[in-house]
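Take a look at these structures.
Each of the two complexes below includes subunit A, the first together with subunit B, the second together with subunit C.
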Partner chain A sequence: MMIKILSALTNVVIVLAVAPLIEGIMRKITARIQSRQGPPILQPYYDLMKLLIKEDIESGESPSMQRFSAIMAFASALTVVALLPLGFGYGLSSHTDIILTIYLLTFCGVCTLIAGLAAGSTYSLVGISREMMLMIPLEPILAVALIIAATNSGSFKLDAVLNGSIYNSPGIFPISSIIILVIILASFQAYAQRVPFDISEAETEIMDGPLVEYSGPKLALFKYSRMIRLVIYCALFIGLFVPWGSNLMFPFGFLIFWFKVLLLVLLVTVVAATHARYRIDQAINYFAIMLLVSFFALALASIGL
Partner chain B sequence: MLTPEKSVFIAILLCLAGAVITAILRQRKLCGIVAFLITVATAIFIYYASFDVLINGHQKAVTFLSNKSLGFALRVFVDGLSAWFLILAATIAIPSMFFSIKYMEHYEDYNVSNYYPYILMFLAAMYGLLSTTDMMWFFFIFWQMMTISGFFLIRFERKNRANIKASNKFMIMMQIACFVTMLGAAMISGGEASLDNEKLLRYDFDAVQQHIGSLLTEKPTLSAMAFLMFLIGFGIKLGMWPFGKIWLPDAHPAAPSPVSAMLSGVMIKTGVYGIMRYFVWLVPPEKWQLFPSRYWGLIISLLGIITLLTGTAQALRQEQTKRLLAFHSIGQIGYILLGIGAAIALSYYSNPLALTLGAVAIAGALFHTFNHGLFKSLLFLNAGSILYRTNTQDLNKLGGLISIMPLTAITSFIASMSISGVPPLNGFASKWSIYVGAIQGGKFAPYLIPLGFIAIFTSGLTLASFIKFFGASFLSRKSAFVSEKTVKSELNWSMLLPQFLLAALCLFFGIFPYFGLVGIQSALKNSAAGFGNTFGGVNLFEGGALSGVGYNEGSFISPLMVVIALVLFSLLAILIMKLGRSEKRASNQWLCGYVVEDDAARYNAHNFYYQIKQIFKGSRKL
Partner chain C sequence: MNEGEIIKYLRNRFGNKIRRTDICRDRRFYINVDSDCLKDVCKVIFRDLDARFITSIGVDERQYNGGFLVAHNFAFDSWKLLCSLQTNVDGDSPSVQSITDIVPASNWAEREFRDLLGIEPVGHIYPKRLVLPDGWPDGVYPLRKDFPYDSVPEGFDENRSFKFDDAPPGCVVVPFGPFHPTLDEPAHFRLYVEGEMVRGCEYRGFMAHRGIEKLGESVLTYNEIPMAAERICGICGCVHNVAYAQAVENAVGIMPPPRSEYIRTIMLELERLHSHLLWVGLACHISGFDTLFMHCFRIREPVMWIAEKISGNRKTYALCLIGGVRWDITEELNQELREVIGKLETSWREVVKAVEKDSNLQKRTRGVGIADKKLVKESALLGPVARAAGVPIDSRRDHPYAAYNRVEFDVVVSDFCDVWGRLIVRMYEVFESIKIIRQCLQKIEPGSIQATITDEIPVGRFGMSSVEAPRGECHHFVITGENNRPRRWRVRAPTYQNLQGVPTMIKDQQLADMTLALASIDPCFSCTDRLETVDIKTGKVRVYSAKELETLFLWR
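Moving on, here comes the complex of A and B:
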């Protein structure tokens, strides 16, 4: 038990340390793609520190609820980190299963929703309405991937699911797993909350949506939790679809894991830098189709294909 | 010695006596207090009986009013299954009645002698229905007691024509349900029988059970028809598709809020009880092979999913608080039906793993029944509180109530998150159990995997709907209506206390699902002879109060661990926030400098989720 807790805490510390760096790399690469110089790679660390000393403006409808949502957004993201196997040991993953993981990720999203609602601005409400609409298809798509892996391994436990069991279908060829892999890749920008699916924030349009009324330390927490959530979704993707090598001896498995995270982030950045934002109705139609196809994949998986 | 059966019988008599007393008393407040005290007294008897059964096992049925020439006897029997539902009834009745005392003050134009006697009669009827073994006469008597008192409660505010209409619909649907269920009983009864030297009447549950084996072999069509009748009859009661939408969404908003809480929290659960009792406990284990469990499992779980999806999809477009909650009652019943259906489907396979998963599913259904009672009655009390303060059910007119009633807002937040299945609350714990049973049961019955998935998908819709419910009423910008027309003070303590009690229970069973599931396990173990009893033999949910719950190698969750992590990391977040010593300053919202903060620029409930509502537009016809 001690070892599990230690490994979970190590994961938390590592993620806290690395998440802004990932953001920095993304910003640098985006700038280069767009022929700009771009900020230094360490800029997100400076941003967070700067936000912490800035004035905390209470401009929303219910400041106490806004404060609560900022704290919960950060805490829930870190809770997921502690419960997931993230490179450095399995953390506390024996205390959770795929369903709890899916619902905890939903809980992370709910914190943003509450933040927007508590602010009460028209812009933030537009933002959370969009965010919620995107969550409706996104969480089930991830659930399909996890369920297919769980059906193949016969267990809902994370260590049995996040080890490549998604490809161990009883049939000759794991058709359903390949379909869901393609779908998750095609929706990954939305999990990462980047262009073309950052519709709920849309700085140019609704001014960061749910976060419009947030400033100072509260905004720092939200920004930080958003960076952490990107790492979480990368880790889930890697655990589900490309787990190979993560279980190697200490420095190797650990480095391979973060290398894979970096590759995935590169992909996200390139797509984000070269695309324009979708409208919400376009995105909803897009994900409705994705959801239907993933349902089809699940139906295939349930009959063993 | 006070047996559980006698104790329940005393509770029923107490309720009826209370109904008479409150009919005589004239004073509004006194009536409320008397009714509440009587409810507490009956609850003590009910708890005594139920916990006695859950801990020490059930005893023999007791016959009270018997009339041989009419073929008429009140045979009361409290087994584990009844006990579980009786505990639910008592647990919801106490806060609802306490809430009523103050709440009923706001109906100045109406006489409470049309309220308290009926609600006590309503409670008596539910206690009776949950414990009688008579499938015909006393079933009829209790059902009619429930229907008639429910009818008068729904039309309590009779100056509103819509309420009269709603109560008429309720009456007609309940009569159809009663008739259909009794028809089923008539079809399935196989004559008189005797048990332990006691002669049983032909419509007694145990008598039917003794003959069911031969009926299933000799007349499979007739028995299938009878089960279909039970499914329709109880399906009407619990709001199953396609019957639910006819009466339920009209009846729940029409009734005074504490009654809505009882209707949704307990009354529709008697339908769940009926389906469980007749489908899972009627056929004894040795005859189970004769029962077409494979098909009934498929039918019930499919109906469950349709109910779930149509109910929730329609709830998404509702803009009236109580109507929204009523549609969610239909939706949540879908989860329960899915659990029951999965359990029946899995019971077909004579494999220990299938039996275990079936037990997980039915335990999930029982747990969700209980949890839905808790959070839905809390939500109805929340809606009642809003109604009490603002006199409206229209979400579009509301907004920013958290600054007026912060304590109510906290309870409503807990309830909204519970019903959406957000961990670590009780709604998650029971949905988890249903998902595990259904999705892992896909090894045996593959169709359960997609059904379980649709249930996960629908919980996203539920979340969306409750983000709207909670957000549009308590959060978001304060509307002109709220700032001009409402009394700016938190509710009286006597209205807050019941809400806090229910919210605390939601949290407790969410963080420690072990206690709920252990209760269910002993309910299954101590249930009457019948197939359902074999589920009690499965050793479910290893783990403990502190470590969490799980079964075998399949799955394990520890909500307590989540809570500990959340609390620790929240402290870290607070620490980080304080690091920079930033100063607070109040300011106005940023509206780009040219929009004024008036009601025209307010984002209200109607505007939420336009694109998703477009996709589910067709659900209105279902």
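Moving on, here comes the complex of A and C:
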């Protein structure tokens, strides 16, 4: 038990240490694609540190709610991190299930909504309405993927789901799993909140949307939890679809895991740098189709295909 | 038709009400009519003869003939004519028939002479304050000759605020500006939004007035004004510089030497190059495509360097004086310029290819900010906005100036009517500009770059000049005057007209498209806001009062 708690804590520490580095790598790669020099790779650490030691300005309609949402967004993201397998075996994942994970992830998103609502600026209201519209199709798509894996493994436990059991369908060929893999890949930019699906923040339209009123430590927490969420979604994707090698003896499993994260991040960066932002209605149409197809995959999975 | 036939046509219709006509050089003509038939003549010119409205001008002539002069300038683009329709107005209680119900495009121009000169446009469709700041007292008209250029009026009320119209029912007000990441300059759009749809908007601009016209009429001299004119705009400054010089040259018949005309053409096209490159980059940035934005700016940079090498400045070239230019293009520069535009052409082809096959960008720009032929006519929209709606107007071809009648180029037209169309037009105009510069560099003649002007500039002459800025036609109107400076100098930048079309362009569109639609006219607020003296307060929240600001900066 002690080992498991320790591995969960290690997870948290490692993600806290690595998430800004991943952001830094993304910024550097983006800069290179844009034929720029780019900021130093450690810039996100400096940014966070600077924001954290700044004065906590309470602007907006409801300061206590704003503080609460910033802390909760950060805390719920860290909780998910503690539960996920991040290259150290399964950690706490055998003690939890996918329902809690989905719940915590949604809660993290809801915190952004509360943040925007509590700030009360017009731009943040437009931003949260967009965020909400995006959450409606996105959360079910992820849920469908997890449920298909759970059906195939016969358990809701996280360790049973995140070990590639999604391909263990009783049929000859896991059609439903392949379909959902394609869908999740095609929506991954939205989970990562990057162009072309960074619509709820859209700096040139609504000036960072929900976060427009935030500065200092609260902004740092939101930025930090956003970086962590990227790692979470990468870990979920890896656990669901490409878990092979993560269970190897330390440090091999660990290195393989983070290598896979890096590859995913690279993909996200390249897509973000080569696309224009979608409009909210175009994005919703896009995800509505994705959602329909994912329900179709769920139906296939339920009859064992 | 030519000038004579138009005048004959009008004389047949209105007889003695046409008081005086004047046909001048460079296919410009002036008609002075009785004030009671002004509206009818406008109707014939605008509707029957299908002229394009340029701008309205008010002039304080009380010290010469006791009255005011109101001029409506029109362009007959297909007949290559510029016309100024004028009427004299009583000096004590000046008023004139408003032509806004016939020519909707004159909306702002009439409100402007109402604000600044106190000439009342009777029957105006929307007589709201336009130019003056909110706290400006009623009955004080800063552009009248008896108002000193450096005075602050009695009774300036800082606490008076602008009254916006009521929002339509069911709509939320989303303030857009005065400060917003995609606005380079202050302007305020009050958007009425229903869900994500924009249902209407009200514009409050003119927040960056610098009183340049007033300065030109009361402090500067003929050859100082080009440098001030250039500072009207940070992007198309050279256009204003050339347009002013040409307007004065047109008024008094000075012929700049051919070499200087070629140099003017080259610099104007260099300016168009950097402006279009900048705009395509910005359009990509606004739609979230930052990679192309960065590449556009990388490609643009050598244009700035060569401009600096020619003129000593990246942007404000300080090019023209009356009758010539100040910088010569030497053989060495000629060679270097050829290389720069050669490289530019290759790399720009790649960008055009990338943009054209980007379905994502097309999705964002197709059907956004629609301005069709009808809107172009009614609001007198200009430049790429008009050309993207299939209206082939281009001052370079229609009212040739500098060396444009000696080079060959195409007017790029597209039929999309939307932001995508404007993107296409601007991208291909870059190639036309390169073509023009190449021809100029080849044909440029040796000789002087400055005409010798021996006589004093005669008083009371009218001059007009239209120059095709990257954003559309830029029009300057000059009346020569005493003391080595013009009596009246009126600037009409293209954004002045294009901005009036924006409310229609964004109506019933997504909020997300608002920034893109607005940016598609390439708005230049400083061009539009060039007038007036004091403006301190904007919006609801003010950190400093005027007094505090003054003590803060200790002006005097």
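Following the convention adopted for this analysis, the second predicted complex is superposed on the first by the 305 of 305 C-alpha atoms of A that agree within 3 Å, B and C clash if a C-alpha of one lies under 4 Å from a C-alpha of the other, contacts with A are read in each partner's own complex, and residues count from 1 in each chain.
The working rule: a residue touches a chain if its C-beta (ideal position, glycine included) is under 8 Å from a C-beta of that chain, and two chains touch if they have at least 3 such contacts.
Computed from a predicted model, the values in this text were never measured in an experiment.
**Q** Under the stated touch criterion, name the partner, subunit B or subunit C, that contacts more residues in subunit A.
**A** Tallying touched residues of subunit A, the top partner is B.
**Q** With both complexes superposed on chain A, which partner does A:273 reach: first (subunit B), second (subunit C), both or neither?
**A** A:273 sits against subunit C, while subunit B stays out of touch.
**Q** Considering only touches as defined above, state whether A:100 meets subunit B (first), subunit C (second), both or neither.
**A** In the superposed model, A:100 contacts subunit B only, not subunit C.
**Q** Is A:36 touching anything from subunit B or subunit C once the two structures are fitted on A? First, second, both or neither.
**A** A:36 contacts subunit C only, not subunit B.
**Q** State whether A:281 touches subunit B only (first), subunit C only (second), both chains, or neither.
**A** A:281 contacts both subunit B and subunit C.
**Q** With the two complexes superposed on chain A, say which partner A:61 touches: subunit B (first), subunit C (second), both, or neither.
**A** Touch status of A:61: first partner only.
**Q** Thinking of the overlay built on chain A, is A:126 touched by subunit B (first), by subunit C (second), by both, or by neither?
**A** So A:126 meets both subunit B and subunit C here.
**Q** In the overlaid three-chain picture, which partner chain does A:143 touch, first (subunit B) or second (subunit C), both, or neither?
**A** first
**Q** Would you check which partner chain A:251 touches, where first means subunit B only, second means subunit C only, and both and neither mean what they say?
**A** A:251 contacts neither subunit B nor subunit C.
**Q** Residues of subunit A that sit at the subunit B interface in one complex and at the subunit C interface in the other, please.
**A** 122-123, 126, 129, 207, 280-281
**Q** Which part of subunit A faces subunit B closely enough to touch in the complex?
**A** Residues 12, 49, 51-65, 70-72, 74-76, 78-79, 82-83, 92, 94-97, 99-100, 102-104, 106-107, 110, 113-114, 117-123, 125-126, 128-129, 132-133, 135-137, 139-140, 143-144, 147, 150-151, 154-157, 207, 212-213, 216-218, 220-221, 224, 280-281, 284, 288, 291, 295, 298-299, 301-304.
**Q** Give every residue of subunit A touching subunit C within the complex, in rising order.
**A** Of all residues in subunit A, those touching subunit C are 30, 33-36, 122-123, 126, 129, 195-196, 198-199, 202-207, 273-282.
**Q** What part of subunit B is in contact with subunit A in the complex they form?
**A** Within the complex, subunit B contacts subunit A at residues 399-400, 402-403, 406, 417, 420-423, 428, 432, 435-436, 439-440, 442-443, 446-447, 449-450, 452-453, 456-457, 460-461, 463-464, 467, 470-471, 475-478, 548, 550, 553-559, 561-562, 565-570, 572-574, 576-591, 595, 601-603, 607-612, 615.
**Q** How about subunit C: which of its residues touch subunit A in the complex?
**A** 172-175, 180-182, 196, 284-291, 293-295, 298, 358, 360-361, 363-364, 510-515
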